[in-house]
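Just so it is clear, A, B, C, D and E label the chains in written order, and each chain counts residues from 1 on its own.
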Amino acid sequence: MTAIPLDQGLGLAAALFALGLAGVLVRRNLLFMLMSLEVMLNAAGVAFVVAGARWAAADGQIMFILVLTFAASEVSVGLALILLMHRRNSTLDADASYHLRG
Amino acid sequence: MHELLWLVPTLPLLGSVILMLGAGRLSIRAEAAAGALSVGFAAVIAFTIAGGFLLSPPAGAAYEQTLWRWFDVGGLSVTIGLRLDPLSLVMMLVITGVGFLIHLFATEFMEGEEGYGRFFAYLNLFVAAMLLLVLGDNFLTLYTGWEGVGLCSYLLIGFWWRDPANGLAARKAFIVTRIGDTALLIGLLLIASRLGTLNIAGAMHNAAQSWPAGSPLATLAAFLLLGGAVGKSAQLPLQTWLPDAMAGPTPVSALIHAATMVTAGVYLIARTHALFLLAPAAQYTVGGIGAATLLLAGFSALAQNDIKRILAYSTMSQIGYMFLALGVGAWGAAMFHLLTHAFFKALLFLSAGAVTMRLHHEQDIFKMGGLARRLPVAFWSFLIGSAALAALPLVTAGFYSKEAILSGAWADGSSGRVLWAAGVFGAFITGLYIFRAVFIAFFGEAHTEVSGRYGWRVILPLTVLSVLSVLGGLIELPPAFGHVTLLSNLLAPVLPATKEAASVVPLLVASLAGLLGIGLAAVLYWRPARPPAETPLWRFWHAAAGFDWLYGRLLVRPVLWAAREGADDVIDSVYDAIAWTARTLHEQVRRTQSGRVRFYTAGLAIGSISLIAIAMIR
Amino acid sequence: MNAAAFKAFAPFTLLGVVTIAVMLLIAVRRNHHLAALSTIAGLLLCCIALPLAAPAAPIAVTPLFVVDGSVIFYSGLVLGSALVVAILSYAYLGGPEQGPREEYYLLLLTATLGAALLPASVHFASFFLGLETLSISLLGLIAYASPREESAEAGIKYLILGGASSAFLLFGMALIYADLGTMSFAQIGALARAGNPHDLFRLVGAAMILTGVGFKLSLVPFHMWTPDIYEGAPAPVTAFIAVVSKIAVFAVILRYFILADGQADASLRAGLAMIAILSMLGGNLLALMQNNVKRLLAYSSIAHLGYLLVAFLAGGALGNEAAAYYLAAYAVTSLGAFGIVAQLSTPGAGRDADRMEDYHGLFRTRPFLASSLALMLLSLAGLPPTMGFIGKFYLIASGVGAGLFWPVAALVVGSVIGIYYYLRVLVAMAMPVPAARSAAPPATAPLFGNVVIAVLLALLLMLGTYPAPAIALIRLTAGAVAG
Amino acid sequence: MNAMFAIAAGIAVLATVMMITRPSAVHALLYLTVSLLAVAMVFFVLGAPFAAALEVIIYAGAIMVLFVFVVMMLNIGGEAEALENDWLKPAAWIGPSALALLLALELGTLAASGSLARPAAAVIGPQAVGIALTGPYMLAVEIASFLLLAAVVAAFHLGRAVMRGV
Amino acid sequence: MNMLLILLLLIPAIGGVLAWLSGARHPDWPRWIAIFALAADLLLTLPLIGRAVMPGQSAWITSIDLPWIPQLGISFELNLDGLSLVLILLTIVLGLVSVVISWSEITERVGLFHANLLWATTGVIGVFLALDLFLFFFFWELMLVPMYFLIALWGHEHRFYAAIKFVIFTQGSSLLMLVAILALVFIHQRATGHLTFDYLALLGTKMSSATAFWLMLGFFIAFAVKLPAVPFHTWLPDAHTEAPTAGSVLLAGVLLKTGAYGLLRFVVPLFPAAAHEFAPVAMTLGVAGILYGALLAFGQNDMKRMIAYSSVSHMGFVLLGVFAWNTLALQGVVVQMLAHGVSTGALFILVGALQERIHTRDMRLMGGLWGAMPRLSGFGMIFAIASLGLPGLGNFIGEFLILLGSFRASVPFTVVASLGLVAGAAYALLLVQRAFHGRTTAQPGSAKPFDLTARHIAVMGGLVLAIIGLGLYPQPVFDQVAPGLAALQHEGTPPGNTPMEGQP
């Protein structure tokens, strides 16, 4: 058990965050976008845990738990919405329906 | 008796108001009565006052009557007040007397015209304004009358409003004179600012006190007043409106554009002669303008066929004489000529009107002919008027007044001699052009039907004016003829004495020049064949040396062009451009609202990345 | 957590209890009226309870929360606005049967709970939780099932964008925590002022938090979701998003920046000023020729939040007062405007009354609503005799007082552009009634809604002509936050 | 550098890259699970065993199951995969990737600015976390419950709408 | 407690509400309510006439000061001096005139129309009374809204465009003024530690000359837009043209005066040195307005547009006079405002009447109207010549005194400005020529145009008397406003300059 340098930990978080963002931006399928969102949130969680490790305090992990709570809520509601969307439009293409614009 | 002075301008004003309010409700007779009698009563009062004035002149030879305080602001107090002194007395008598005669004539002349009451309303208003002009004790009252007569002139020139040409002539008259009026107004501003008062007598007094002779301010002020005078009196360079003003009914031409209003410039300069004495340059200019105008107008009159236009140019020419007189310091002579000119020019216009009213308003002299026998009343009147105009020696009033001017010019040193020469040449031309008209119109073959008879309201004014045109000169005779100086004596308290030529030579030469002109006219036009050929020279003088053309190119067209092109307000296009920019920006930014969620996310990311960059760079 | 803290926190506890109670009520008996009225009553109760908690303030409630004057003002504003939205929703949803409506009130209550807690948050954990409780509930409300096609689309957009923005927010918090080892606003401020060698983390963290907050406040360039969600969501929900969530988030970010001293930093201030200017100009330009009233109001809300940032940037007692007053004015006005839209709409119609044509001839057909909307629009435009006029005056005063030249200039330009589109709506209402439109009024029972709008109107005019009491109240409460 | 950390981090990043590039939803989900498990490993290395456990149980377990469930419900087949391949043209991903890269660079630079002190090696076990949760973070737990309640209500409502076919 | 000034505001405000409410059932009630409200205001004002004209007395006739927003140093401070009184009288009278001449023109939404009319009047009266800068700004903005409705709801073809343009111009500029007001208040606060919007307290606030210049400019632009001065005038032709007759009368007769009033009351006294430095620019704008307005008036075909541009020209004189800043010019400005209010208002009434009869304002379609409508044409002639500045009518007194005053301040400006008299003659006579004189053209859309009705004749007769009265006996006006102007002049003369006063 050795201490991990903070910059490496945060670097991992940053990489995951950026990848998640790339996923949200690149993918058109709503399901993939939701997954990528999870990656982003997870990256934030990683950052919290890394920070918590630095200060040797429980706060980081607690924030991670809260993030987890939020992620779970988001996924549950999000998936329900995606189902609704698919039921109505028979597609998961995020670009397929954009009545709201202008 | 003097206390009734305020009634003199008020009565015509009252007549005018009655006629305006009663428009459409009064009978023709009532309208005629209101129109003519209001001026008639004013004349009666004026003559009564004049009698009183002559018998027992008030102290200082001036009677002042303050009606009410107009305003008193910031140290400048202006009253509406009247001042009767010999100068204004003469003017008042001319205006009311000749005015009444012309009103009387007009009641018959205008019968059957649409807007009979309106005509007299305007004409009465004119008389009131003209009286205010000459009686006003301060410049602002004078200016009020000045503008008032301009307005009435406008209204009356355009009296027959259905014809746009009349409207154009009326507007031209108003706007051209307004240019002069504006100069006058600036002059008033200068006087009020520098001399601290607008009271005419006070200002003249202060000017003499505070401005040395020849000082730039005095010169400037004199030139500005001169600007007003040339506009109103149709002198160079603002003379172009007068011939067109003949579009109005003939009594209007007689009253406004011959006997009274156009002489207001002469009155103004005479009234402010103290200022002109301080500004020799301005005074020379007055004389020069007079000489130039009298020649220009004389030549132009030679090239006209319309009888009223001939008379219009002759008016310009005669006022040129008056200016010439003012320029050489022959103040009294100028006023004398103003007086006699009022008689014989009114006579000429009225008799011309009497002719045309029987010829279905035909004004071309070449379409008349042989009228001497068929319209004897008009013929004799016109002939007497023409003789007076041409200064037929000894028997006409015009002779004496013109001789007074020329003698004054002769006596005024070397520059005066030049002006004298111009005046003499002018006398020759005058004789030529007026008798050209007489011979062509009244002799030879008849070209037009004549109908109707004259009533007493035409004959009476013609008779009275004829008598005055003949005998009016006797109030002032040169030394060679007994040296009567009634007018000079009267005017002595207000105007400096006129220098007179000691020699008889100039008098003889001038008389001969006039006779020569008449003689030449007899030779040339005794048997007129047909209208003159339209040679370039003729066209040049017919168009009065092309001033209209010049002004049209220089001023009127550019303004019209600018008004037409600018009507949509170029400044507004700046704001339109701003509005357009906003709308365009809106269209552009609105495209970002594509409705695509990934695009929005990209926006979010870009924003955040930029913010982070700002935070990191700082 | 001692008794005093418990007492001070009681209004929020009460709101939680109300939520549970309504849930149980729904479980026992599904009835729209029952659910709606119990929600309204509960919110009313909370509104009453809030000032009763005042004597205990200011007091810290666990490290996560504080109850002070500012909380009472902003949370009070949140609760009051939520109450208005609840009543409007009752009128809006009160039409013929369109499926289950009871959960709507449940979500409204949880959203309100999240929002009401935000002004009291002094810790990242509570900040985040309040925000996300609000967001998730809103997600449900936006997409609230109805025949309206757009709801789901709006929900999806809010899901993706809200999730991404929350991730940014969280990451930023993590960075600050990593740097300073604390998540309490006050401690962050203390450490920052003490001079920390690694300021960069704090600044980048603040920038990322600003991303999340900017999204919730719909500031340019995080604004793009706003019109789509405003248009797609049911009208009362739109009012909720426009008012309640904005007030709550603004209050918490205000507190964060005051406590954590973010305003002192030049680069952050520059970024904020830029965001403010972009929002004022962008929002107004976007609204310029907009023909959908809900979108128009959405764009205008972007601009209004930009205006608010001027007061935010100005800071100080005057800035805080200005922000508080403007938020109150904005709440009254926007609730009124969206409320009128809601009053004119029914969920059964397939879409809300949001096209410009729907407003033609409104002065004739619905004079009360039209006149009210006219005054609301005047208030948004900042013209007297409305609260918006005083509010805008206050904002400009704070901006001028702080010497913020460019933001004030943008405010002026933005306001002038704004006039144009607000007046366009006025003009539309003055147009003749289109022949094609059926004259039948909406099927809902609009009495409740109309009463609420009348109350808002009265507030708008009273506080617009005699704002002294409101200012006194703000000095007593929200002004206290200026520590 | 801790080898365990390096390997786990590498796997996490690689798996995530794979996840966002896979056309097949099931494959992507599997990669995502791998990534999450790797992250759990990282947590463990960092001395946060409780977080690691939650990561496995809730993230890799519960949440992923939800996804799988939905993928199955939607019955996404090869047709969709072809479509996904079509959507993954360079033109579609270059811009966004550059953006993400920029963000990564910024955050990486920040992390590498490196001035943060190396943390002490310590394990924060479930007990410490539990004490904190019931102590200062007590209200956070309460509010989190309301967050979950809201999510449940929303999901329930929307899900019912799906079932009713509205 | 002197409630008079408050009543002056309350009566039309409440009258407006009553008019609105009653309009739904009885179309004639709003008219009578409006007349009663304005007449009551007039009755309240009449006893004030002639007060405070004695030298040595305070310029204020009556005042009231109530706390309003004490937290910000804002109070409900109304003060009335001769200048305010005269302008308020003009407002009320033209308000009455507007009601009377709208009798037959406005038949739709009568209640709302009169409500807006009364509210606009309220706002304008408030502007003339308010001495607290915030209160002033409040009323300044308040009058905008009803005016907007008057144009947008009862106007002609392009009413929406015109109304929005009007509001945007005024609003944009008045926000600049708000910024300037606030900056002034804060500067004062920093200097004295006292936060107040009280005009009397803010007079003489010390600041650097650069600051003073910018603040002065903020105020100036707001008032220059309202006046309107070139180049901020372009809203006016549109607004005037599209407004209903009553709207045009109120706009031309009253609203434009608020701009001049603001210049007099605020711009120069608050920033004397800056204003004097700025005077050449302002006078240039004034002269430009005189000539540009006249030129464009000359070029218009739409009668209302022509009159609107003539307003620009006339208001150029006002701007010139204000910045000449001596008693003569200022008194001239006051008379010019009154005379312009009456004469232009009357012209708009005539155009309105004409449009009601022949359904056009295009002068190309007119001509020879004298034959069918001699009375209308006669009145038109009178007011046309009034607007060209004929002595004996009110406008002349104004223009003459302004020119006389500005002659002392600057000869070149005066000389150029007086060219405006010639230009004025050109467009005014063109109006007469094109509409009333000339050949009678077939009138579109009306079989038999009828002349003015008795109601119109009474109104027009009154206005004729007013314009003649102003022209021949303006002294009561001068006496009424003299103390107020003297006080303003005292404030507005920078310490270095000796007032251009006393013996000329």
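List of remarks:
The definition used in the following text is that a residue touches a chain if its C-beta (ideal position, glycine included) is under 8 Å from a C-beta of that chain, and two chains touch if they have at least 3 such contacts.
In this text, all values refer to a predicted model and were calculated from it rather than measured experimentally.
Looking at subunit A and subunit E, the chains in contact with each of them are B, C. The chains that touch both subunit D and subunit E are B, C. Nearest to the global CA centroid, when each chain is reduced to the mean of its CA atoms, is chain E. Ranking all chains by how far their C-alpha centres lie from the centre of subunit C, first place goes to B.
Averaging C-alpha coordinates per chain and comparing to subunit D, the farthest chain turns out to be B. The mean-CA centres of subunit C and subunit E are about 42 angstrom from one another, to the nearest whole unit. Between the CA-based centres of subunit B and subunit C the separation comes to 78 Å, rounded to the whole angstrom. Averaged Cα coordinates give subunit B a centre that lies 101 Å from the centre of subunit D. The mean-CA centres of subunit A and subunit B are about 96 angstrom from one another, to the nearest whole unit. Residue positions of subunit D touching 2 or more other chains, listed in rising order: 95-96, 99-100, 103, 106-107, 110, 113, 116, 137, 140, 144, 147, 150-151, 154-155, 158, 161.
Under the contact definition stated at the top, the residues of subunit A that touch 2 or more other chains are 6, 10, 13, 17, 20-21, 24-25, 28, 33-34, 45, 50, 52, 54-55, 57, 59-60, 62, 66, 70, 73-74, 77, 81-82, 84, 94, 98-102. Listed by chain label, the pairs that touch are A-B, A-C, A-D, B-C, B-D, B-E, C-D, C-E.
Only residues 95-96, 99-100, 102-103, 106-107, 109-110 of subunit D touch subunit B when the two sit together in their complex. On the subunit B side of its complex with subunit E, the touching residues are 20, 23-24, 68-76, 80, 140, 143-144, 147-148, 151, 154, 158, 161-164, 167-168, 170-171, 174-175, 178-179, 181-182, 185-186, 189-190, 192-194, 196, 559, 562-567, 569, 571-572, 574-575.
Listed in rising order, the residues of subunit E touching subunit B in the complex are 165, 230-231, 233-234, 237, 292, 295-296, 298-301, 326-328, 331, 368, 370-371, 374, 378, 385, 390-392, 396-397, 400-401, 403-405, 407-408, 414-415, 418-419, 421-422, 425-426, 429-430, 433, 436-440, 472-475, 478, 501-504.
Contact residues of subunit C toward subunit D in the complex are 1, 16, 19, 23, 61-65, 99-100, 103, 106-107, 110-111, 113-114, 117, 125-126, 129-130, 132-133, 136-137, 139-140, 143-147, 155, 171, 175, 178-179, 197-198, 200-201, 204. Residue ranges on subunit A touching subunit C, taken from their complex, read 6, 10, 13, 17, 20-21, 24, 30, 33-34, 37, 40-41, 43-45, 47-48, 50-52, 54-55, 57, 59-60, 62-63, 66-67, 70, 73-74, 77-78, 81-82, 84-85, 88, 94, 97-102.
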